[in-house]
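Right after this note come the structures.
After this come two complexes, each holding subunit A, first together with subunit B and then together with subunit C.
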Partner chain A sequence: MRKKNVSSLKSGRRRPAVSAALLVLGLLVTGGAYAAFSASTASAEVDLQSQQVITEGQKLFAANCATCHGQQAQGTEAGPSLIGVGSAAVDFQVGTGRMPMQAQGPQAPEKPVQFTDEQVKALAAYVASLAPGPSIPTADQLVNGNVANGGELFRINCAMCHNVAGAGGALTEGKYAPELKSVEAVHVYEAMLTGPQNMPVFNDLNLTPEDKKDIIAYLEYNKNHPSVGGLELSSLGPVSEGLFIWIFGIGAIVGLTIWITAKSN
Partner chain B sequence: MAKNEKAGSDLVASTSVNSSVELGTAVVAPDSFENPGFPAHRERVTDLNPKKMKRAERAVYVLFYLSIVGSLFAIFAYMFFPIEDGDTTSIRLNTLFIGLGITLSLLALGIAAVHWGKAVMADKEGVDHRHPVRGNDETRARAVEIFKEADEESGFSRRTLIRNGLIAAIVAFPLPAIALFRGLAPMNVDPNNQMKYTMWKKGLRLTQDPTGTPIKASDLTIGSAFQVIPEGLVDLPEKEMLNAKAKAAVLLVRLKPEDLKWADPQREAWSYQGIVAYSKICTHVGCPVALYEQQTHHLLCPCHQSQFDITEQAKVIFGPAARPLPQLPITVDAEGYLVATSDFTEPVGPSFWERSK
Partner chain C sequence: MSITAKASNYLDERTSISGAVKEFGRKIFPDHWSFLLGEVALYSFVIILLSGTFLTFFFQASMTPVEYSGSYVPLKGVEMSAAMSSTLDISFDIRGGLLMRQVHHWAALLFVSAIGLHMLRVFFTGAFRKPREINWSIGFVLFVLAMAEGFTGYSLPDDLLSGNGLRIIDGMIVAFPVVGTWISFLLFGGEFPGGDIVGRLYSLHILLLPLIVIAFIGVHLMFVIIHKHTQYPGPGRTEQNVVGYPVLPVYAAKAGGFFFIVFGVVALFAATVTINPIWSYGPYDPSPVSAGTQPDWYIGFADGALRLMPPHLETYWFGYTWSWNILIPVIILVVFLAVVFAYPFFEAWVTGDKREHHLLDRPRNAPVRTAIGAAGVTFYAVLWAAASSDIIATHFKVTMEGVINTLQILLVLGPIFAFMITKRMCLALQKKDREIVLHGYETGRIVRLPGGEFIEVHEQIDEFERWQLVSFNDNAPIMLRPNPRGRITSRMRARANWSRFFFEDRIAPVSKSEHMEALEHAHH
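On to the complex of A and B.
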């Protein structure tokens, strides 16, 4: 082996494994650098008041949103008016990929985000400049909530649609309340504030900023603490639990029964 | 189990000729096909190969010892994974390991017993014949005789006072149950009224669940949904509070006033600038209806998928509910807070016999 290695090195040819390793390394370095670069831009602060950002947003709006929402965001047959929805609504809808919508349907599903964070903020700045509306919450509005109070408020106001563990649930005619476990805190806050699609609005007089903080704390707690009951089966309740026990529990009993009654060889 | 030594060799219907009992009125039809008897006896590997028998025997006792290990494991799990106060993960480990121990202990015990029976115990086919259930005449006559003797000796037919006393005592015995079950129902109030009226009355403010904060009409923006309880509910003792809440829970929403259609024009006055309040108790079987869609204005009951249209006086548009949700008449007081103008005008929740009386 050694001799062979030496000879292959001498001949100047690289072995296939080495080429593959180099390729993987190269891809990792490029991809990592790109990710680091884009992450550093994503966290960049955008001044929503600046005229430059608003103008940038207006251009993006005209190119991507005006078909349905109208040139002045006044709304058309195909889409509602965005006057007064505020930057929070834009950051939620565009920031979770729900807008721009791919096709008219019962509800706009979450999908990969179509814009960079800067572009989303620029769009938000433009829409917010049209009329006053709920604005994007600051980072300190999302942390240090009271989990117990949040749990109670969640069960009273949210759990009927989103499931008590935030696993989501079905609504009427193809609509659904999405699961909340993978949703960022800022988007949860914005959703409560603006009532996207069929979700009711929970303005600051219904759930105060303190209440919203508590609800987010409850959701974060759920995310970070495994279920005491062990295997959660997606926290969907009797449907998934029933299916599991019917298939595996009764399956095991059927198997044992066959074994008991089969003749020993 | 009794084994018949002539296993399978004489599997024919036994005739009444040799039997000590008669067949009675049973019709003995000739078999449509001849009884094929047992399939040929097949020796198991444990019968043929002493080594295999040894191994099966070992498997059985190892399983029994494994069962003991499982039981001990459960005891140790109880000791070493105790439930700590306030630590929810400890509950998971506790139940998981105790459960695994007990599972191993029972499963190994059961599998060992079955394996013992199947592989090690004697393998012989046997037949136990059925016999008619009816006894012979002699036995039957004797049984009647015994009853007569007992009647004679006890005087059951002769001493009628004793007999009637016994029957009366047995009839009286279940009577206390009626009193006990009556005690479960509300005593000093009419249950019908309990079901027909709620805590709501004229002037009572609408407040937020769970804090009891009163709600101003200006607090509701278009598309808002508030979970509402009556003013003063939170101050009640817990049991009364829960009973009152179960009937008085209300969903308060605000729509554009032009979206609301009033089939009964008088009821428009029950709303305030597009704010309407409906009972949250489903008219089907009483689940809380609170899945409100703010764009379609549909309200969905999660239990049986009844749907109510808020724009049309909560009319049922789908599902098993028979009646619209009762509307709570509301207005605002001098300070701008939302108040009820009366109780619900019909009983909330599912039907009951005296509902429309």
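On to the complex of A and C.
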């Protein structure tokens, strides 16, 4: 006890418990502040018709998008025209971080979102103001679907590229269908509406709004219900199961055979 | 007399079983970890039988359409076959059912992998040589039967994945001109998928195939007892003896305990890791095919062969379409398996070796055999990797075409390079062994001689170790001599060529006189 006192006084250091407490406090403050900040941005309601928002979006567009899509969003050799793509396309592409594109490649990958939610909405408002197009779905378009029907529709329409468990899959020439487990419902809906990258458009005649709702319900169900069988191994099916048995199964078994035969020597 | 003694006496007086117990109990088995791989396969099979029996109580092998009404929400009210519906019931509504399904499937994967490893061990140590060639063939049949068992089992639940697998089999069958379509209709009871296939596969899966497997395992083990177990070369081990422990009490206890260890590992996997989640695959419907559709690992090499085949290879002859893009992979697979089957007989023909071999080869001491094995493993591994070409593409961020083209090239060049590299490595290791026998091992002790020269002191290895390094079969290429009729047949010529291919590059073991000379030299 005496020694402890001496050492902490002499060295002028804080006691470990104090350091830990400070660390926890610091983490709580920064984490809390971040949560409060991001919550405030996420809940922002933006009026896409407002002229002020559209002007704001035009400025952002000119600064961040016009290089490839042209000053009037008319398109250039580097990027397609955005006239008539609607707010849904912008919200999907910018809201998932795919745009602005990092580099030209087979496909724009998902990456950290570069804009705040208001800015994304402002961009969407500007592009939507150019010509009519599919608009961002409202919250009630995304809920109360039929899970079983959604599963069936998903297997028929989506699974050939996105995998039956939504684990993603390969396309040609380095393109791919991304995994869907981490995708927000609104972005799934927008992707079906607008057919981003290599995805076909699933318009309302092809998959009715009711069908889209069902598909989203199915995906949300899977998100909220992890596999009853235990670890999912990325839901990649027999390939990951095979790797598992060869690495961990055979690894463990061979280790055990060595153990068993080594004991007697 | 104790109760055990009385009981055993009672039994013996009525069955004369003591003779068999004495004979079997005194069987000696050598101790090495790689000798337990076959045992792992056997134990996995027992686990499969136990868990499979449980599953048969609840599984309905019928393709009658039903409306699912079990407790898995995303499939409620969906039309599916009774097979699929009962498999879902096993997974969600029967106590312990999912655990048993997962035990069954994980044990099946382990079964085939253990067989594969066991075969590799037997191959690379030359354990297939006389008198064990026939047992290699039996083991090979067991390997093929295991794949057949696996595939029929994979197809039973009638989920989307298994249906896609059957679709590929159907595609392979109908690729055969003239008879293909007839066979397909016969097998599926009409146009694919028909309404009969699950029931038929079920009979094969739970009755016919397991019976054949059990019979072949019986013969396989009987031969192990008749031939006695092989052993690695070592002090006191000869072609006439077996050095190890008796079955009773040592091996019986060890093997019994090991069974529970294997069961424990399988149960641990089954309890914690999902396998074949048919609920997320959904019921079979011929229209959807999921991305990332693969067979279980042991059928992967066949899937890979199909994926690596260049497209558009079709000809139209005699009013039939000849789909070479399917026929060629099928032929390649059959030839590959035939080579695996026939190798022991082929090697025996080339060497002309009629002696019995109970001492195993160290892989380096049979460089060409080891190299052929490495080439075979490479060939198989490339096909295997090809089966997951799409997953390689997405996970390593490369193009699918790039993966396929690379693997196509590797399929041809890989085995050739593997052969050359492995052969050179074996020869180099043999040279190293010679070096150690002749000049001893480096002690790391540096001595400065009076003249100023530095030398490292080499120490002779002890005679047990030396024996291991010098006693191996030294095969030389056979001489081509005319037969009694004074002729050299093309068969003899072929054999001589193969013999040259096998043995022209060889490192002879150190002879006694060479060793003496080296010792003499070292002393001066």
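Note that the second predicted complex is superposed on the first by the 224 of 265 C-alpha atoms of A that agree within 3 Å, B and C clash if a C-alpha of one lies under 4 Å from a C-alpha of the other, contacts with A are read in each partner's own complex, and residues count from 1 in each chain.
Throughout what follows, a contact is a pair of C-beta atoms (placed from the backbone, for glycine too) under 8 Å apart; a residue touches a chain by one contact, two chains touch by 3 or more.
Note that the structure is a prediction, hence the values are computed from the model and not measured.
Enquirer: Label the relationship between subunit B and subunit C on subunit A in the superposed model as either fit or clash.
Expert: After superposition on subunit A, which the two structures share, subunit B runs into subunit C.
Enquirer: Can A:59 be said to touch subunit B (first), subunit C (second), both, or neither?
Expert: A:59 sits against neither subunit B nor subunit C.
Enquirer: Touching A:111, do we find subunit B (first), subunit C (second), both, or neither?
Expert: neither
Enquirer: Output check: A:223 vs subunit B and subunit C. Expected answer is one of first, second, both, neither. What do you get?
Expert: After superposing on A, A:223 lies clear of both subunit B and subunit C.
Enquirer: Between subunit B (first) and subunit C (second), which, if any, makes contact with A:152: first, second, both or neither?
Expert: The answer is both, since A:152 touches subunit B and subunit C.
Enquirer: According to the stated criteria, A:260 is in contact with first (subunit B), second (subunit C), both, or neither; which is it?
Expert: Both partners, subunit B and subunit C.
Enquirer: Can A:200 be said to touch subunit B (first), subunit C (second), both, or neither?
Expert: first
Enquirer: Using the touch criterion from the header, give the chain among subunit B and subunit C with more contacted residues in subunit A.
Expert: For subunit A, the partner with the higher number of touched residues is C.
Enquirer: Could you tell me if A:15 is touching subunit B, subunit C, both of them or neither one (first, second, both, neither)?
Expert: It touches nothing on subunit B or subunit C.
Enquirer: Just subunit B (first), just subunit C (second), both, or neither: which does A:161 touch?
Expert: Both subunit B and subunit C are touched by A:161.
Enquirer: If you lay the two complexes on top of each other, which residues of subunit A touch subunit B in one and subunit C in the other?
Expert: 152, 156, 160-161, 169, 171-173, 177, 227-230, 260, 264-265
Enquirer: Show which residues of subunit C lie in contact with subunit A when the two form their complex.
Expert: It is residues 31-37, 40, 73-78, 91-92, 98, 102, 106, 109-110, 113-114, 117, 160-161, 245, 250, 254, 257-258, 261-262, 265, 269, 271-277, 279-282, 285, 287-297, 300, 387-391, 393-394, 397-402 of subunit C that touch subunit A.
Enquirer: Which subunit A residues qualify as touching subunit B in the complex?
Expert: Listed in rising order, the residues are 152-153, 156-157, 160-161, 169, 171-173, 175, 177, 195, 197-203, 205-206, 225-230, 259-260, 263-265.
Enquirer: Any idea which subunit A residues touch subunit C in the complex?
Expert: Those in contact with subunit C are residues 106, 147-148, 150-152, 155-156, 159-165, 167-174, 176-177, 218, 221-222, 227-233, 235-239, 241-242, 244-246, 248-250, 252-254, 256-258, 260-262, 264-265.
Enquirer: Flag every residue of subunit B that touches subunit A in the complex, lowest number first.
Expert: Answer in residue numbers: 42, 44-46, 88-89, 91-92, 95-96, 114, 118-119, 123, 208-210, 216, 218-227, 253, 288, 290-296, 298, 300, 302, 305, 307, 318.
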